[in-house]
Amino acid sequence: MLDSRISRRSLLAGAVGTSALLTLPRPAFPAVKKGTSLKLWILKTYVEPTNKAIEASAQRWAQKNGASVTVEYFTFEDMQTKYVAAIESNSTPDIGQLETSAPARFAGMGQLIDLTTFARQIEGQVGKAPASVTAVTKVGDKVYSLPWYVMGAFWYVWRDVFEKAKVKMPTTFEEARQAAAALNRPKDNFYGMGQSWNRTSDGYGVMQSLMYSHGVGWAGKDGKYKSIKTPAMQNVMKWATDIYKDGVQPADTLTWTGSGNNENFIAKNIAQTSNGPSITFALENALAKATDAKDRKAKEEALANHVALPHPAGPDGRRMWAIAMSFGIFKTSKDPEAAMSLIAHLLSPEETVTVMKDSYGQFGPVLDKARAASKDYFNKNENYRTFGRAAEWFAPTGWPGPTTAAAAEVQASNVLTDAPAKVIVDKWSVDQAIEWEDKKIKEIYDTLRG
Amino acid sequence: MTTKALTLAGLALFLLVILVPFWWIASMSFKTYEQIQFATSIYVPNPFTWENYTGLWTETRFPLWLRNSLVTALVVTATTTVVASLGGYAVARLRFPGRESVASLILILYLIPPALLFIPLYRVLAELGATNHLSALFLSYPTFTVPFCTWLLIGFFKALPDELEEAALIDGAGRVTAFWRVLLPLAAPGLVASAIFAFTLSWNEFLYALVFIQDEQAITVPVGLNLLIYGDVFHWGQLMAASVITTIPVVALYVFIHRWMVEGLVAGSVKG
Amino acid sequence: MALPHTVGIPAVRARASLWRRARTRETTTALLFLLPLFVLVVALIVYPVYRAVWLSLTDKLVGYPERFVGLRNYAYLAQDDTFHAVIRNSAVFTVGSVGLKVVTGVLMALVLNNVIRGRNFFRGLFLLPWITSTVIIALTWRWMFDAFPGRGFFNSVLLDAGLLRRPIAFMATPEGAMMAVIVANWWRGFPFFGVSFLAGLASIPRELYEAASVDGASAWRRFWHITLPGLKHVMIVTTLLSFILTINDFNIVYVMTRGGPGTATQVFATYSYQVAFGQLRWGRGVTICLFVVPILVLGIVMISRYLLRDRK
């Protein structure tokens, strides 16, 4: 028995080894040269324990391989600037964590190494991600980054408020709008919804979820510009502006920063809002810091009463804009093989689960092996189960096409949120706003290169 | 209303306008996150807490940012004072063809907006390999401190009597000695004012520091404050504590020398 | 200049050559003294400006080599409605806050001028906003105007005083947001005006006031006919300086509103930053700022002429 097992294993090993030799000039993971030093750029999120956990994971690899890793951080705010600056001054890191549109952008500039073969190789070890997510990592047939997790957006509601008013929890955007009207109590400074069209992901992210769920995309499946002057887009814009016209939101909603909706939701000024898991994190944290029994009770109630629903669906389905984070290797790296080894380590199910345990659910792992391994963690409660499903609903920027540099620029140009703002603030008509938005998008596609 | 009553009223009004925002920052800095979030104890924090200050020191890189800002401001102040006093002296005292044009040119230079320069300057600094370090700031900050301080010093030097220098020159001293031994000591208030200006402008600067430096080790306070806003959570309390800490040294410094500073400031613009 | 006194033509020629030699020596010294300034200016201001102009004629996109495209960026901006809004906003922001600063500066100077005891103390105290970091000031005023219940100063006071039932979202409308950034800029800047004007007041001869009082002139007439003209010089200089600084301002708008809501407070500097670092279009980003330079240069040249005329 033992012999046959061993011989089967050695057969498999031989097969794997041979195929590896056939696809790469060198074996996939050579012993990492001792003393190799890598620079790793990671997204710093509001959940500090996660940041530390990722760093610890990288250091474990470093220890195991006698190498060293320097971890540097960027935030949602300076993500663009930092990479832009590095590219222009040729000081890119070895490995960079890339957000949704970055692989396409940077690959288009010739900054990233082709990881197609590497991706195939480690599939056995780390598993596969859903097609919607891998679309982000590819340009054409070539893979330029390895996906790790998505930070999804969820529809937060206060259960007790809904139950008291006997309103059903919304599953679609239309239901959400109706619920907002039903729950609105401006006299008590309580509002039915808090959706800001600001220049953060709370704004342009939800706008994209809204559009994609209505089947509206500014690019076709081929990634080329497609006009948004359609009846479906009319409905999108109406929804986006009606929630302001109907007075179901606090007066300053449009000027919120990224934290505006969090704060208003936690303070129970609004009944519904879209957000990443950070609201749950904030409530869990608040409970941990409770000062006395009365305070503790209030915090426990808040935690129990808040629900993170799956992001609303539209007439065309449930598509959730999210930030897909993946790892890419820059061409300036002096030791790409060591970089690959580090990535494989970070992406492995064991390491992913370890990191996730400190993530307060903000991490939605996309590789199926990691998802399987983390099932228990996400089974904590209903909210966490929803968090864990993020990858199912993911729609990339530029849906239904791939995330091209042009699609990324559309998001970065703020045109998606400036358009409804023009209706709300400058009193344009919905048609005018759509016309303007369409023109701006077309301009971007017409004048972009690469 | 008597003049006295009007004056007192005016004084009170200005005091209010100027001090209330400071008090608001300070007050917020002593509140917990929950107090701010749930709007309890608005005007006077109760309970009073130091956790934002300690958190700032232990959880963030604030001490590092302070150090970077300080180093940058000192280096830039030093270079600026040297370059500006030399240049200012030349324009104020020496006669050479095109002197008035140079004076106008210096003023014009101050007007070149950093917002215009930041992109090409970025590329120049990248070519010099200075980006991502504080040296990028050592090189770029003088582009706005030097023109301003030179202009200021021109006015200041011009206002100083030139008899002492003349006397020194007649006695056979060279221009350099006249500058060094005679004028500079006289010009102390102007130099101090110029140095404080350079320091303040450096300390305050945001755009260049934001764009030229990504290395976490080289971040300055304004950029760091911007970083205290990550993702969905805005650490208001810590931000305000940082604001208080950042403002105190400048204010303390300023208390000692504000008389000189005002003299210098005013000499430039009033006496022309 | 103390030159030896001689008579006759040879003496004149001698004097002239002495003078010329002295002049040359001075010019050389001047050049030496000006050298560091010159090097700094050429390397880090003139050269980048030249490159900025060049960049504005290309389609430079981050990560790609630039291509010459002539005046395409300028043409684009000329018909870009966002850029039109930027020009409008910058004008409103600058004129509004500078105007307010001038008026407040005069008031502050008048008040302080009447304070005998502790004048230096108050003058120093009032300069506090001017020395505080603008990033901090922007955050502070953002908070002052905040509509989040209990956090915004104005809303808290008005709500507690019963004058409001619901918080006002000051910064949610274009007008409100513009007002907010103007207020922040004004608060920061008026002490500079006040202190300069205060010094200016000191240089107005007392005899003028005394004579006017004797003639029976009212306080208002004394102000209008003596004080204001006396302050004219310092007013123009300070206003000019502030105008330039304000039209180039990045920090206050960026930190307070990021140019929003929509494009209501987008000014030259913030729009340039968004286009260059958000959309990665450096060619166009630089062009946005180049639009400002001619106006500035014109303004400066005019003022310098004024200053020089006065000096003589």
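Order of writing sets the chain letters: A, B and C. Residues in each chain are counted from 1.
We adopt the following convention: a residue touches a chain if its C-beta (ideal position, glycine included) is under 8 Å from a C-beta of that chain, and two chains touch if they have at least 3 such contacts.
Owing to the predicted nature of the structure, the values given are computational and were not obtained by experimental measurement.
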What's the overlap between the neighbours of chain B and those of chain C? A
Write down the pair of chains with the top C-beta contact pair count. B-C
Expressed in whole Å, how far the mean CA point of chain B lies from that of chain C is 15
Whole-Å gap separating chain A and chain B, where each centre is the average of the chain's CA atoms: 40
Chain A and chain C, separation of their C-alpha mean positions in angstrom: 42
Hey, what residues on chain A touch two or more of the other chains? 81, 88, 263, 267
Which residue numbers or ranges of chain B touch two or more of the other chains? 38-39, 123, 211, 226
Sequence positions of chain C contacting 2 or more other chains: 148-149, 277
Touching chain A in the complex: which residues of chain C? 59, 61-64, 81, 146-149, 166-174, 177, 257-258, 260-264, 274, 277-280
So, in the complex, the side of chain B touching chain A is made of residues 34, 37-39, 59, 122-123, 126, 131-132, 210-212, 214-216, 226-227, 229-234
Could you pull out which chain A residues touch chain B in their complex? 44-46, 48, 72-78, 81-82, 85-86, 88-91, 202, 257-259, 262-263, 266-267, 275-276, 278-279, 282, 286, 289
Chain B-touching residues of chain C, taken from the complex the two chains share: 2, 23, 25-27, 29-31, 33-34, 36-37, 40-41, 43-45, 47-49, 51-52, 55, 107-108, 110-111, 114-115, 120, 122-129, 131-137, 139-141, 143-144, 148-151, 153, 156, 160, 187, 191-192, 195-196, 199-200, 203, 233-234, 237-238, 241, 244, 247-248, 250-251, 254-255, 268-269, 272-273, 276-277, 282, 285-286, 289-290, 292-293, 296-297, 300-301, 303-304, 307-308, 310-311
Interface residues, chain B side, partner chain C - complex: 3-4, 7, 10-11, 14-15, 17-18, 20-22, 24-25, 28, 36, 38-40, 42-43, 82-84, 86-87, 89-91, 94-97, 99-100, 102-104, 106-121, 123-124, 139-140, 142-143, 146-147, 150, 166, 170, 175-176, 179, 200, 203-204, 206-207, 211, 221-222, 225-226, 236, 239-240, 243, 246-247, 250-251, 254-255, 258-259, 262, 265-266, 269-272
